[in-house]
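Common to both upcoming complexes is subunit A, partnered first by subunit B, then by subunit C.
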Partner chain A sequence: MQHKQISQNLNVVSLISVGKHPQSGRERRAEQDGRAVELGMNLASDNLTVLHAGDPQQQALRSYAGMGLKSIRVLQLDSAADAVAPLGNYLQQHGPDIVLTGIRAESGESSGMVPYQLAEQLGWPLVPRIADIVDVKDGVAEVLQALPRGQRRALKVRLPFVASVDNAAQEARQSAYGPASRALMDLQAVESATDDVRAAWEEAPARKRPKRLKVVKAKTAAERFKAATAKSQGDGGKVMKNEPAAEQAQAIFDLLIEEGVLR
Partner chain B sequence: MSDVIRRDPRVEWIARNRLHPLHGTVGVAEEAEVRGPSGLLRKNPHKVGFIGPNGIKRIDRLKGNAAAAGGGRRSSGPQEVQLPLHQVENPDFYVVVVPDMVGGRLTGQDKDILGQAHKLVAASEGNGAVLAVAFGTSKEEGFDTAGVDRLLLLDGEEYQGYCPEQQLAALVEVERNFTPKYWLFPDSVNGGADLGSRLAARLGERPAVQAWQVDAETTVSRGAGGTSDITRATPRLLMLAEECADQIDETRHEALPVEIDGVPSVIAKLQDQGQVAVDPNAIPLGEAEFILSAGNGIHNWDQFHDTAAALGATEGASRVAVDDGFMPRFRQVGATGTWVTARVYVAVGISGAIQHMQGIGQCDKVVAINTDAGCDMVKRAALSTIGDSEEILAELLRLAQEFRAKQAEGGDQDAA
Partner chain C sequence: MIFEWLHPLLIAAALALAVIGAVRRISLWRAGQPAEQSISLIAGLLTIPKRYFHDLHDIVERDKYMAKTHVAAGGGFVLSAVLIIVVHLFGIESKILAWGLLAALALMFVGGLMVAKRRQNPPSRISKGPWMRLPKSLLSFAGAFFVLTLPAAGVLPEGTGGWILTIVLTALIIWGMGEMFFGMTWGGPMKHAFAGALHLAFHRRQERFGGGRSTGLKPVDLGQDILGVSKPTDFKWNQLLGFDACVQCGRCEAMCPAFAAGQPLNPKKLIQDMVVGLAGGTDANYAGSPYPGKDVGSAKGGPTQIITEGLVDPETLWSCTTCRACVEECPMMIEHVDAIVDMRRFLTMEKGNTPNKGAEVLDNIIATDNPNGYAPASRTNWAADQNLAVMKDVKEADVLFWVSDGAFDMRSQRILRSFVKLLKAANVDFAVLGDEELDSGDVARRLGDDAAFQSLAKRNIEIMSQYKFKRIVTTDPHAYHCLRNEYADFGGDLFKNVEVLHHTTFLNELVQQGKLKLDTFSGGTVTYHDPCYLGRYNGEYEAPRELLRSLGIEVAEMERSGFRSRCCGGGGGAPITDIPGERRIADMRMEDVNTTGAELVAVGCQQCTAMLEGVVEPRPEVKDIAEILADQLIEEVH
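This part shows the complex of A and B:
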């Protein structure tokens, strides 16, 4: 996917978090946040700010920097502190055009609420699950949104806006060690309240969810036997046997239109 | 006349009770099972059973359920079971469910969540009602059996297409009018998670997402990208995972329509430009929405490919078509190929081997084009056309091309 450089001086902020490998549990570059950085680099190579709220010593931040970033801005926060308020204040002060985030974090609560709360706090529109930003013209962005089943929807939205980046977006480029260790961590001390609600929660490794059992509600042996052996029949669909081919094709066509798959 | 065998429990009780004053009047002696003087149960084998229509003695071992099991005579057709009606008059509180309604119908997850809503109602004091808020045109007919007590259907002009901001405004109005005890959303990519998050941010609620075990006190939800379980007090707004609770299947509900007015018309900041045409064959077969699948009955392969392209369908194939080299291996549908989840599956010249039927088990609507009216695919299909596939495909291709031509014309008019 070759991107055309959008020539305007766009100010883009990509928010990054610390990811977690699903198998090993090791800290890593988060999948969707990496894509958000990639999209930001393609949109505004120089005016991209990569922003993280949390611990600046975190090694996973270096793997973002290894994508070729000169610096990463870090709002220094305690791990138990709430990140939304300082991020909102930062964005309010700097007023970027586009804020890119992942959909859900790979660690912590992973509720996916950060983009929504930021959009609410800033009063900006939110575009969920984008696959690409095609063009930005006269302060209006053309955005491709990823839908389930591989579909795409085109949206137009006025700048500034917040967008969460779907897994359908372009994959993050490889991270290199040299640039990763050379990148500057631009620290900024901020104050934030501790997230007290979360302290009361219990966290444990995920339990396997029980499979749903098929319950047969038969009262007699004959009914149970029937339920166990009966072939699952369709609900007796419509059969067109002696109609001419044109009529049959029309019936199929009408069904496709009614189901909305023909568009 | 009804087939139900009626019992008189009072007479049975008198017959059991030897000390009852009316005990002598009921025909105890005629009973096959009698309590003997020592309290043991005595069976009279001569009295068991009844004489059947052709003079042979029959013993009913189904305890009066013979009619239901279709034993003696065949009833005119499968009897519609009327489930008991669950009514809620003047509800004390509401539990609001916002279903996804993909394609205008309740999804399996939506039904799970309606079941969860009734669990939460049952766990709370007072009589609560489950209110479903459905956006856009609805094709669903089973709201009552899915467990909807009250239905708010918002299908106006402003709710067509992609309009999360307008939907949010409506939900805020629902919050103001009904002050629901719980808000339940499906945590799905079909818009449920998006709408739920928007409402949570607007109301300032802290939602539980990917919740999979919920009762009135505690909620267990997945955190850290699905690798940890968070146990917490149940919040007011929940986004529920699939199979969080059992669906409603033993009661019928009223699905009374309710209305709200005063939903402000929102100036949308997101302008929907419509769906973009994607190459249907670039979509992975497993997640394609519309599949045109070819089997042994296809002889004109060029025509098949043209039809698929004109309809905008993803191509699939049965094993025979793949083995014969007409289609690549990754297009194979079935147990040995891909298990598909299409909403509409058109099977052309596929009779339906069991492995193939397993592969299309999750498809909603199956259309069969086949020469054999007795094949398994026709039994499974919602619409079957019996005839030569080449003729039917030719007609279908013509219709699709006309449709596309009309669409292009309409598109030009819009642009002008």
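This part shows the complex of A and C:
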């Protein structure tokens, strides 16, 4: 993907976690986090901080380093500790422009809720499932959000913000053994609290859920093609573009009450 | 003759310049890394004559005309050079020496004529340019010194000739010595004699001389600052010496499957580019065939410049199938494949730049111990109905059957099943490692990821060390090569008492011992395709043919068979890096098959089977020898 030369000195932080290979269960570079690093490297090669909270000895971190990173900053945490607070404090202190994460965890709690909780703690906007950051100008980023079936939504987001990176983003570059083994693990001791909630959880491999039987309604090839490619039309909802802001806000408010989000 | 003092002075000057050139050239080589195996200077130099007459000449001999030419020109020159120094430089007056010199020069002159004849209509594989003037240089050297020696031999009275003869002779001598003495160390065509002789002495694979074989890649020290070869000085010094030995005969080019397929690789050009790199400069003076599809003249390099940035396109390196046809054919015993893999190591382990599916395959190998990312726990699924003994349970067996990654591939599984059927019929006590077996690391290593290879090798060795067995037998020549020739660097003890065999060798033994009863084959004409990793890498040409003969098959040999077998295109990770060319190597091999009129190609490798079966029909059937045997097996009914 060709990026415009982004003139500003952007400060980008890519959060990385320990992935897990679906077939072997072996620790590895997580797919989406790898993409977050790739995007970070393309946006701000020199001003990219790759950040991990956890065990600095973890070998999977080396496979991120193999993408050509000189160092990885590691907030040293106990395996039972909650990573969100130390990460939030770190980001608060360093004040980056963009924080990139994956969408879904491959092991433990790594991604999943982290971007949401960080955004909440920092009070920054969160952009979920981005495919690319096209440009950053005057403190506003042009972001492409990935939608189902290859569709993209162009958004303008004011810096700073947190974004989770979708599988539609550019694939992580190859990890090379030499740089991987030479990269510096830049340790930082942090205070952390034990994650009591997680201690009570039980972890089990995900099971495939039974699939609903597919009833083919399409009669012709054209219909099947349409079914496979057309944008899924959600029922209900409406697009409000030209109405006054108060009316738009009221509609959102009504919906939240209707859905039981606000009581 | 007038100016009696002039010619000794010229000879002395040429020799002095040659010595200066030699020192300079040697310092270029010595800029490389120290060799793994150190060879003392004297002992090395003493090996040269024997190695020239046996090892080198045996290869030159494949081209009878050129062998005779070289003996006449080269032998004549060496003798002449020694006697010229004695007779003309030191001025020792002896009729016998003078006559000896005349004879040597005459021999060299004949050699020169033969070179001239070869160069009248030169085949495309040989380089032109400066090489085209070589016959003239040989003739002027031999001719001029012949006339100059006539007075010393008493044929002509001293002082014969006038001004004109002296000037003509002097000019020819300067030309001749310029080529033969000065050019030898300053980079003319005769450089091959100087570097070639030393290359014989200090070759990186000493085991190759005296009929030996050394084909395993050398391990990388993973603690180094730079892994693999990034610039010419990262090569071992004797590799650089080897590059300089090239005579540009182009036998490698004629054999290279990638070159024939129009992929951007020409082994001869690659070696010449390495010479450009070690000496610094451009390839503008190169006068041979280019890399297909690439122009000559724009490549630039220097001893400390990154090779893949301006000198050699990475695509060139990734086109190689590591079939070793070039190495087998090279009269100067240059190791092209070592150099290519060394540079690939840099691209993969430092740059993270393995093309196409390379990165994915390497990731899979690291994460799942097989190149396609299948669940490691499904490795033995193919044998669900085979009731195989697993080492974990039995701990001990006569034979360890190394299944290889063919376990995951449905076509290869047919070969595995056939082999198991034969083993059972012969009542062999064998077991498999089951899910404990890992990929042999062949692909990872050829793709330049020696770290992944070493990790696999060490873990495989650790697993095998837990069990007792006398032999390892495998149907995959690539795994066979790794186990037999490359694993010993990582766990010597295991392989001291264990023999590694290819299944054709092992089956042949069973048939010779009468343990397998086989019916005669009656399916038409059969040809046999020698897999590179079985033949050239391990020297096994006979067992597969003997097996076929035992079925009553008379193999209809292809023109390129045995040590000259053409690659199927499947080695060295080439199907993974998939560099585009004009043709597919497998298609060309199938054309070779078609010229024999065979209806069946017998193969001894699952990779070759896959490649040859990938050729569009109609084409002859492709079967592994194990499959052919299993079909002819007479099973006893109890």
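Throughout what follows, the second predicted complex is superposed on the first by the 201 of 263 C-alpha atoms of A that agree within 3 Å, B and C clash if a C-alpha of one lies under 4 Å from a C-alpha of the other, contacts with A are read in each partner's own complex, and residues count from 1 in each chain.
Here, a residue touches a chain if its C-beta (ideal position, glycine included) is under 8 Å from a C-beta of that chain, and two chains touch if they have at least 3 such contacts.
Predicted model, so just to flag it, every value in this text is computed and none were measured.
Legend: residue contacts after superposition of the two complexes on their common chain; A:Ala80 is shown touching neither subunit B nor subunit C. Contact with neither subunit B nor subunit C is seen for A:Leu187 once the two complexes are overlaid on the shared chain. Touching more residues of subunit A than its counterpart among subunit B and subunit C is B. By the touch criterion defined above, A:Gly178 lies against subunit C but remains apart from subunit B after alignment on the C-alpha atoms of chain A. Of the two partner chains placed by the overlay, only subunit B lies in contact with A:Arg149; subunit C stays clear of it.
When the shared chain is aligned, subunit C comes close enough to touch A:Met67, but subunit B does not. In the superposed model, A:Arg26 makes contact with subunit C only, not with subunit B.
The residues of subunit A lying in touch with subunit C in their complex are 21, 23-24, 26, 28, 66-68, 173-179, 181.
Taken in their complex, subunit C has these residues touching subunit A: 222, 226-227, 348-354, 358-359, 362-363, 366-369, 373-376, 449, 451-452.
Subunit B meets subunit A in the complex at residues 62-63, 65, 68-69, 71, 103-104, 162, 164-165, 189-190, 193-194, 197-198, 200-202, 206-209, 212, 222-233, 243, 246, 269-276, 278, 282-284, 287-290, 311-313, 343-344, 346, 365-367, 369, 373, 378-388, 391-396, 398-400, 403.
Residues 20, 22, 25, 104-113, 116-117, 119-120, 125-129, 142, 144, 147-158, 161, 197, 200-207, 209, 212, 219-220, 222-223, 226, 233-235, 237-241, 243, 245-246, 248-253, 255-256, 259-263 of subunit A are the ones touching subunit B in the complex.
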